[in-house]
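Would you mind keeping the following structure in view while I ask a few things?
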Amino acid sequence: MSKYSSQEMVLNMGPHHPSTHGVLRFILQTDGEMMVKAVPDVGFLHRGIEKIAEKLPWQGFMPYTDRVDYVASVNCNLGYAVAVEKLADIAVPEKAEYLRVIAAELSRIGSHFIGFGALLLDLGAVTPFVHALRERETFNDLMEMLCGARLTHNYVRIGGVSQDLPQGFKTKCRNFVDHLEHEFIDEFNDLISYNTILINRLANVGVITAEEANEYTLTGPNLRGSGVKFDLRKDEPYGIYDRFDFDVPVGTGKYGVPGDCYDRYWIRIEEVVQSCRIIRQALYGLPGSGEIRTRLAKPFTVPAGEIYVRTESPRGELGYYLISDGGKNPFRLKIRTGSFSSMTIIEHLSQGVMVADLVAIIGSLDVVAPEIDR
Amino acid sequence: MDPEKLITILTSRLGIAVQSMDAMKNDDLMIVVDKKHLITAAGTLKNDPALGFSTLMNHLGVDYGDSMAVIYNLYSPALKQKVTVKVYLDRDNPEVPSLERAFRGIDWFERETYDLFGIRFIGHGNLKRLLLPEDWDGHPLRKDYVYPALYNGIETARIDMMNETDEAGEPHV
Amino acid sequence: MYSAANKLYEILNQHLGAYGVPETVITIAAYVVPCVLVLGLISTIAGMLTYAERKISADIQNRVGPNRVGPFGLLQFPVDGVKLLFKEDIIPDAADKKLFKLAPYLVFTATVLASLVIPFGGSFIVADLNIGLIFIIVVSSLLVVGFLMSGWASNNKWALLGGIRSAAQIISYEIPTALTLLTVVLITGTFSLQEIVKAQGPYPWQWFVFYNPFMMVAFIIFFISSLAEMNRTPFDFPEAESELVSGYNVEYSGMRFALFFAAEFSNIFITASLATAVFLGGGNIGMDPYSSGLGFQLLMVAVFFAKAIPLCFVTIWVRWTLPRLRIDQMMSMCWKYFIPISFVCLVLTAAWMLAFDGNGIFWRMPKT
Amino acid sequence: MNAVAAYFKNIKDAVSTTLTGMRITLRYWVREPAITVEYPDRLGKGKTKDDIVADRFRGFLKLDSLKCIGCMQCMRICPINCIRINVEKGPVGRMLTLFDINQAKCMYCGLCVEECPSQALTFTKRFEGACFDVRELRIAHILAPTPVAKLRRDGKGESS
């Protein structure tokens, strides 16, 4: 009989912990620094967006899609618009398609800056995060020029986009893209990506194999980080993505094994470069004149039917399942988001890692809390 | 893959489980499956080498007013084909077998559907509310849901400034 | 064994003793006055360093930094201090109240105690103990007690984890720090810091850091492991704001928090001072620290600060560049890399001294 | 032997990558200027608050009551019902008696501005909404009953 007994400690991480990326809670069972299990507890940001959608006109729901993932709102706008257009057979003008691609890829860049920036912040590297935010600032300025808002852009409309490019946008955007591809990314990699401490923190940590990724329905960069070459822009092109030439980076285990945190981090940096390429091509191919928006019938109704349309958002597959009964409002609207399925794997990944690794894992999965709860 | 060929394969493999099969707007197939045969149908869809619908994209519940349904969106990376599997449920007693065995990632999706629709998944290991508090009343996405005025004695409605009036009955400006 | 206190005692005795002031009073005054002065100096420098940290981090991150209070925001740190003084002092209900209150004082005291034997140049040293180096090593281990105490007494699991991490970290990194300091002791044969400074010369090649190649390695190891000892990035595990929220001081507020904060920044300065005195020649300008005139003495102080302050800046610069290690990696770094290498440095320096009769590359052993 | 080589390679990598990083931060420390906009009082030479936002900025809403045709489309499209309009039949025709916008609730989505057929409703660049009572943000755009405008052919409203 021993006088002292040891027991596991239950730690409450969140809902306002610095590294939970929004209002998100984990219940950790730890044995000292080692983690036995981390159980996520979500729902703090549940706003009932799907219920709200049932009460709103089809166009009126567009601003709410901004709030699904506020870091990459254009991508959420785009997914919804594509879904409604497919269900209602609305053609989108050529020019609007190009504008959508430009805005969506800019938004992807901005989102990835937050994604890997916040990961680095969680690992204690503050300066790279601020440098990433500095570049995101240019993206914010560009979007403000384009549509007048810096965060909730609400740029895409059903049947087109809200506004044409303003004066000076093309030059500024091209400079931004060139700066990123040729200056910023290289400097950023020198500053932090190749740093031994960072590699030690991320490589071989939180390894997700390709099978596991598929089983847990991971999508987007998290799936590609595990070595699966699957990108909806290539494999199931929506809009005009089939016209652009870009690569799909996949995780190869640059410093560890494929599917570790470093791969997921590195994929995001590579995707920024690919998005730069797409933007440059889109700016080149953008028609000089033309309609930017199809006129919708008034009142706008969508023929009865059901559809599931998925698009590639920075956090993975963004799917809208729409059911219309032919009325002015959606009958049922379900948003399937990348962060939601990314969260399900955390309980599995967190077994037997350290508290500091959990922080890296959460950061590398790039979850955004409102997207989980909707 | 040729949709007609796929329909032939699906009909032969799934057999009596299929109640109907339609094409959807975006070249998907909508397969309505009988509740009793859901687990076998899902197993066939996932494991049959000619099909290989191994990726679960999405899962949701629907309240049609007179009946309920659960919908599974599956994707086959080999065929590059999506199918939508739909199961109609009895609205008064919505129960459906859980697909946790076939698709591990469905765990949270089913919890969300249970949370928002009250559809019970038989065999789910941890069927608790996901998004709403555990002591919440009702299932909000049902069509007959009435938003409760009180939650644990706290008023849930917020004052709408646009409807608020002062003592004289004039709106605040 | 001669210091500011002795000098002050002589002066006071000369002037006050004539008026019949008892000798005990003079003795106490002679020791208390320099202590208070050093306390003031250390606190002010800690405050200035918080300002420097914020300004440098802002420069590195394309920001402006504090710029609203006073010219260039220079008055930011007294304003912050006053704010913290007036803040409500919150003590958690479930905390062990006595220990909770005691811990910040212990941490701060341990830091300030170390400053008593630092030779700031000239005769500006409170007490030139003949075991000065050992005193510093011993006193800085006292920090662990304070950190553990605050972590335990807060009755918060995050704070507890922070306290335990800090204990593990400081105790491990004591070893390489002490070993690298020992190499210098090997050369000079004394633990007195004033003697060590005196043994070096005013020119860089007369500093111990350039004594031989191994001393340079030892200096770098000393610098990095003292980063770990004062909980600075990349070794800021006890605080680790993104993992442990804020670690051992998570439950503290107001003045008690300010004491932790002041202790952290005083520690930066004290470590930099120690490195300056031991490896970089301190305030040595080639003159006797006690007998030279006041002007030369102040020049020595200036030289000392001109070496110590840039070292503080390097500490800050490192923090804003690097990410944080993981706790087990930090440990393996200490036990696998730092301790063996510092041992090797110690042994090789000893061998060097045997081979070259105690002479360094440029440094010459004084004839006895 | 491999282990020894790896040991020294680790040291070399750690030192070199750290120094690379520190070189970059040093460059920023010494050379690169701050890019912060020191809102609100140091915006830069000759700049006003209007200059720091883009031309299309979606700020507070503004109604040109001479152009408003009282069609209520903005009210209908608004996803959160923050616009309230009242049109009454007066002696000379339809009169606009109430046009309130709750700027506290408004989410600046811009749907109402796009919907407005006579371009009576526009965005301003005003973005500062701090006030002591939230009711101050319910802004009345019609103070006295105003006759509604007629929609002109070119899409511009005209006072009748």
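Per-chain numbering from 1; labels A, B, C and D assigned in written order.
By definition in this document, contacts are C-beta pairs under 8 Å (C-beta built on N, C-alpha and C of every residue); 3 or more make two chains touch, one makes a residue touch a chain.
Since we're looking at a predicted model, the values are computed, not measured.
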Task: Path length in the contact graph (chain B to chain C, fewest steps) - done: 2
- [ ] Could you pull out the chain whose C-alpha mean position is farthest off from that of chain C?
- [x] B
Open item on the list: With centres defined from CA atoms, tell me which chain sits nearest the overall protein centre.
Closed with: A
Open item on the list: Centroid from C-alpha atoms only, then distance chain A to chain C, rounded to Å. What do you get?
Closed with: 46
Open item on the list: Roughly how far is chain A from chain B, centre to centre by C-alpha average, rounded to an integer in Å?
Closed with: 23
Task: Distance from the mean Cα position of chain D to that of chain C, given in whole angstrom - done: 51
Open item on the list: I'd like the Å distance between the centres of chain B and chain D, where a centre is the mean of that chain's Cα atoms.
Closed with: 37
TODO: Name the residues of chain D that each touch 2 or more other chains.
DONE: 10, 18, 21, 24-25, 28, 35
Open item on the list: Could you pull out the residues of chain A that touch at least 2 other chains?
Closed with: 127, 134, 191-192, 195, 197
- [ ] Send over the residues of chain C in touch with two or more other chains.
- [x] 60-63, 320-322
Open item on the list: Touching residues of chain C toward chain A in the complex: what are they?
Closed with: 57, 60-63, 157-158, 161, 164-165, 233-234, 236, 240-245, 320-329
Open item on the list: So in the complex, the part of chain A that touches chain C is made up of which residues?
Closed with: 9, 11, 17-19, 32-33, 120-127, 130-131, 134, 191-192, 195, 197-198, 200-201, 354-357, 359
TODO: Over in the complex, which chain A residues touch chain B? Could you list them?
DONE: 42-43, 46, 48, 50-51, 86-87, 89, 214-218, 230, 235-236, 305-310, 317, 319, 321, 323, 332, 334, 336, 340-341, 343-345, 373-374
- [ ] Please give the residue numbers of chain A that touch chain D in the complex, ascending.
- [x] 56-57, 59-64, 66, 127, 134, 137, 141, 144-149, 152, 154, 162-163, 166, 187, 190-192, 194-197
- [ ] Note which residues of chain D are touching chain C in the complex, please.
- [x] 10-11, 18, 21-22, 24-26, 28-30, 32-36, 38
